[in-house]
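Just dropping this structure here.
Order as written gives the chain letters A, B and C; numbering starts at 1 within each chain.
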Amino acid sequence: MRAVREGFVRFKLLAEKPKTYAVIFETGDELASGLCAFATKEKLSGSSFKAIGAFSQVKLAWFDWQEKKYKPSVVLDEQVELVSLIGDIALSDGKPQVHAHVVVAKRDGTALGGHLQEACVRPTCEVILTENPGNLQRQVDPESGLALIRP
Amino acid sequence: MRAVREGFVRFKLLAEKPKTYAVIFETGDELASGLCAFATKEKLSGSSFKAIGAFSQVKLAWFDWQEKKYKPSVVLDEQVELVSLIGDIALSDGKPQVHAHVVVAKRDGTALGGHLQEACVRPTCEVILTENPGNLQRQVDPESGLALIRP
Amino acid sequence: MRAVREGFVRFKLLAEKPKTYAVIFETGDELASGLCAFATKEKLSGSSFKAIGAFSQVKLAWFDWQEKKYKPSVVLDEQVELVSLIGDIALSDGKPQVHAHVVVAKRDGTALGGHLQEACVRPTCEVILTENPGNLQRQVDPESGLALIRP
């Protein structure tokens, strides 16, 4: 999947207190890298977001607790509704890190979900994101190997 | 399905900054038209909402990219949990337009999802909606034929 | 499932207006009782929240309209992604009551959902919760027997 158009993400600041953005992705945008690019550009450090839209392709993952790594769980190359995207942004080693989970629905309504790895938007993904004054920090959890929020 | 009781939607303004509403639907209310009626009544132009509840009937759709139109994907006439409703409200030709995606769960837990077309609430649907100072505008996208948010 | 460590829930207040918390659960925490404990501790009376994470065990329910009671719908004893948790907190007889609906995804991406009864977190559950100035009240609905929000 191609990345979001370099240096370009359409967004609008909807409110100052709390800082609330509409971030709008378009046909062909890759969502995971686009969210990271936006977080970096806006220096986000304590955000929460939700979104709906649709994808032409999507790759999701499931965390394998035995092997302590993400495994591919959903790999679709077909038009699906993005019925739920929920996520947050926290700092990890001083850089914004996006964590997002997805539910998609196929043409027969079947719902599939997982940890967002890649998704090609078609025709839109409408993200509403709130950045808080307080930030969130991730630290590597020795047991799982994952960088988890430690408030 | 019958429409929401004419001119009547139960709601409470929970906060002024940002403007946050609880909008509560009851047994027999049709949700899609009810959300539209509320948006029109309150002149909403840049909202985001989420909800949980339960339905006695629901019709969802999937966007067919080849034919560029919504096709019915889920048509249920049974009690389901509304496990996720996420949506936004933007202006289209100066009027508030509601866009909402749904995930429902059947008695065996099977999850189905899609674009909300109609849903008959039973016994409740608890919507928390935030209206932002900045508004959102939809414009028809020539490729898909859909009115998409253009920030 | 064991309860959340007595008197201990990790959280951070991210914003004062509106009051926004990150509430972070860890491996072994039981989510439903943990959310209740947090709501009681912080005296929450008009909250809305969303979360993502993962569980090692989960029990969800479906409301049986004929019998007017919740029936078990999903009982899993395996690692699943928590792809969506949406909920609210309202007062019922003067005490905070949590209402939460869940969608989980299995290793093959299959999504299942329902009303949260119990869930054992592994390794994290990241809840972002906003408490509003205005409160919400639940009252028993004679038809369903459920305590529903009455704004």
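By definition in this document, contacts are C-beta pairs under 8 Å (C-beta built on N, C-alpha and C of every residue); 3 or more make two chains touch, one makes a residue touch a chain.
The model shown is predicted, which means the values in this text are computed figures rather than measured ones.
In terms of inter-chain touching, the protein chains here all touch one another pairwise. Seen as a C-alpha superposition, chain A sits on chain B after a turn of 120°, to the nearest 5. Taking each chain's centre as the mean of its C-alpha atoms, chain A lies 22 Å from chain C. Multi-chain contact residues of chain C (touching two or more other chains): 17-18, 50, 84, 86, 103, 111, 113. Listed in rising order, the residues of chain C touching chain A in the complex are 10-18, 20, 22, 24, 26-27, 50-52, 54, 56, 79-86, 103-111, 113, 122-124, 126, 128. Looking at the complex, you find that chain B touches chain A at residues 17-18, 46, 48, 50, 60, 62-65, 71, 73-74, 84, 86-88, 99-103, 111-115, 130, 132-136, 141, 143-144, 146, 148-151.
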